[in-house]
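Two complexes follow with subunit A in common, the first pairing it with subunit B and the second with subunit C.
After this line comes the complex of A and B, so read on.
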């Protein structure tokens, strides 16, 4: 019996190692970006220091639609998110002259913020689209999420002493410390890890398992969307230009009828006689997403249709989705989400390092493992370097530059690519401290340039200090003592 | 309410750690021999269950329950890092957690 159990455990450990290795780097990017996305609005606000004005959500959306009405041409839709306690700008995604753009709009003037940037939206998109074209990024993300679930479950089964070693971390003991650290990062936050992986998978389930939808609806996607949000009125474009009625009264009416606060505002066919304004209640008011919506005739401001979600299956899905998005979370819960995400990111990183450490202590590394060692040295410090470079580019690139927002993203991607190249070219004992040190420097500069005193700058400085300590530690030659002690034992 | 949940959860995790032979000494010291502290793990599970119950009954649409699950790694990490580097920190957090539980009904 116990031989069987031991055998099963070894199989689980084998599967844990290989799933982790194959998709580990992708998961590292996803988890780091997801962790940062917890503070998406706050990061956006930090990245637009010139935009300080605040306004009532209804007035801000009115200002935004006024600006959009005169500055877009041939739009099929404006997708707006009203300002909240967490951010002062109106987030707007819209098309104009055939191209789709994302802008943060000033709540008073309605014009885009002068420091053109994607803000936290970059990390959010990176988290599940991985900067790859649709649908490949999302497909890769959902496959990686499945591997994550497999790695979590096999990891739990393979763990020999999950309760006895729960509080155990033995530092400065080589492989033993890496294993302890990897276990602690995984085990202490197991409920969070399982929750965030499962809810993330469900979020992308209609992409990798579309058959339930296609069996019921065939190819009629419009019917799917209608059934998911019956409060959204759909109308074909009339091609008769009629200006949009004032939107602030619609918002106040929506607030009165839906309760809570205003969240998203969609304007479909703006400037047309068939324009529809749909207003959703804020996703921050409860765990469940999209709890209620109401549609207005855009030309007259007359209510068309309202819906309060009370179907069990949809509400269940909305809670699962809402748990992943964490929009409902208070500031304390948000930091705990950040902690859980950071622990998962570090669990993946330590797991990838452990693969090498374990094999290095047994025998000299094979060629394949030496390649993996250098990939680790490039990717693990390189992805955070890319994130830091993104924030630094936000501070350094001049305002008003054409394609400024895209340049920030390119800076992030090129910095990460350069780090991976450096990891491949240099021996790991140099590339690790150099890249970690560079990330610390980039964080420090991003926090200090512009002298904006904020929580985020303080967090950046704290991260920089921790990374600088880590880099200094990596520069010291490795201790040989633990190995000798192990052999004597 | 969340303060009581957090305080009880920390005390529960601390008691669970103190119930492990490897950690009893750094966490409890000579007090481990006290008759009332013979079986800290039992108190630990009871405290965890109690804080979970309060979170369930909070009536805030599940937010306290999410917080409860999020607090587990936070409380555990304080104890784990404390045991490795500075056991005085998790010990000093015990009266703080007790104070949080006592003050919670007043706020």
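After this line comes the complex of A and C, so read on.
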């Protein structure tokens, strides 16, 4: 059986179907979480309504390090992100007594926000780590992204009428409608889909394509890090306790030297004589990631070394990376990223549904396809349900609870797991509307419980309305197969 | 692939698809990896800079080989292409040698 004789276009369509099917659900989770991550800081703000104070970034980081100095033990590093125009808190990832934690710190008090939550960080991590331990989550995400790239290219080649599909939609016609919807979602934002998949693959390059590095550096990874960011000073721990020098003057000095605003602040070996403070310029005002950095001696506050990135090849990589992270984006561009991501998420979902619908209209489904049909019914509405449950848990769990942030995450995972179980147990004509309806309800409650009118609450209500409409549509009895088809059979 | 039901059920078809699938996944990745390694050594730039274009382009080489694996006339040709490219990039990388 020669592939060529069957026609290249058909081969491409076949490959498109299988690559999409094999990693479709993983890609669905990644795309949904990635789309939400566009508004990571804003989601964090919405999830911490009690924390409203604002402070100058340098003072906020000073407050954060003061709190960390007295409330952590045996830290190897504090990885902070200064407040910006988009968020008022200091994001802190650090280890204490051997366990790694993430907290949003109040910019004035320096202590964690009372409503302990991962905020948007949960969606961000889910997007490329899939709640799996390192490196397995990132590897699975890499494989999925590679499959996605192949699925996109084959999808484009399999397609004859790119332009016409902009204007084609035949509603309520079974397979035709799903195909039209899938095509429109894919075609309208094709450049975005290609860009986001390619750049996403690149963000994990050190894990999924390290061979250029091994061919030139061998196993000397320290040398790679040094060459990539020459402004980062590395020093071995001295094991002599010396308190950290005031950090605000270092931040002001960094801002004076690097220009722009402060982005990330790393404190390595805090409380040790060999402590190093590295300050990275924010990438909020340009596409390229890591534009400049400067390191200070943590014990004395004296500058050690500084670097402004001007090497073309590295800048190229940083721009590719920055295009994926979208931190440069203004509010309008951010909404375009969100829209593009939502379209890709829906293209994946409609593609997965299409696989079943297409086969169901031809003949009764095989056992394997019936399993896929039920998995679809559980996963496709179940993942959004998990996300909505996460937001709802944020509103309902009492503030002082130990491990509150982790409980929010568990709620999301259990809700999604329950949905998948329900999808497996019930016939799809019941599980689809039930789960879609439940997601609509969870979104509505999350938007209405507690408090303030915000853009996020409005978006949640709009999503809830759309999902409620979808659920109502799914409840209607299914139409008979078209006459023409039955006569032919 | 999109053939008739009988053609699809045969063992020849299964072997064909399996051979192409392995060439298009593991084979394609191997070619991309060897391409990245060869380019990183070959490009006349400081090594930290050479790894960037080498890695970025490798992500385009990979899917191209995947498509080749399924479009080639017969699984033998698909594999021949993969092996040829892998050998070519391995040879270039080996000839260029690790930078001092």
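The rule is short, and it goes like this: the second predicted complex is superposed on the first by the 474 of 489 C-alpha atoms of A that agree within 3 Å, B and C clash if a C-alpha of one lies under 4 Å from a C-alpha of the other, contacts with A are read in each partner's own complex, and residues count from 1 in each chain.
In the analysis below, contacts are C-beta pairs under 8 Å (C-beta built on N, C-alpha and C of every residue); 3 or more make two chains touch, one makes a residue touch a chain.
Everything quoted here is computed from the prediction, not taken from an experiment.
Participant: Who does A:184 touch here: subunit B (first), subunit C (second), both, or neither?
Facilitator: first
Participant: Considering only the touch criterion stated at the top, classify A:149 as touching first (subunit B), second (subunit C), both, or neither.
Facilitator: Once the two structures are laid over each other on A, A:149 reaches subunit C alone.
Participant: Once the shared chain is lined up, is A:336 touching subunit B (first), subunit C (second), both, or neither of them?
Facilitator: In the superposition, A:336 touches subunit B alone.
Participant: After superposition on the shared chain, which partner residues are touched by A:317: those of subunit B (first), subunit C (second), both, or neither?
Facilitator: second
Participant: Tell me which touches more residues of subunit A here: subunit C or subunit B.
Facilitator: Comparing subunit B with subunit C, the partner touching more subunit A residues is C.
Participant: Once the shared chain is lined up, is A:10 touching subunit B (first), subunit C (second), both, or neither of them?
Facilitator: second
Participant: Of the residues on subunit A, which ones does subunit B touch that subunit C also touches?
Facilitator: none
Participant: Any idea which subunit B residues touch subunit A in the complex?
Facilitator: Result: residues 2, 16-17, 20, 22-23, 61-63, 66-67, 69-74, 76-77, 79-81, 83-85 of subunit B touch subunit A.
Participant: What residues on subunit A touch subunit B, complex-wise?
Facilitator: Within the complex, subunit A contacts subunit B at residues 164, 166-171, 184, 188-189, 191-192, 195, 286-287, 319, 323, 328-330, 332-333, 336-337, 339-340, 343.
Participant: Quick check on the complex: what are the subunit A residues that touch subunit C?
Facilitator: Interface residues on the subunit A side: 1-4, 6-8, 10-15, 146, 149-150, 153-154, 157, 198, 201-202, 205, 209, 211-218, 224, 227-228, 311-314, 316-317, 320.
Participant: Sort out for me which residues of subunit C touch subunit A in the complex.
Facilitator: Listed in rising order, the residues of subunit C that touch subunit A are 1-3, 7, 12-13, 16, 20, 29, 32-34, 36-41, 45-56, 58-59, 62-63, 66-67, 70-74, 93, 98-99.
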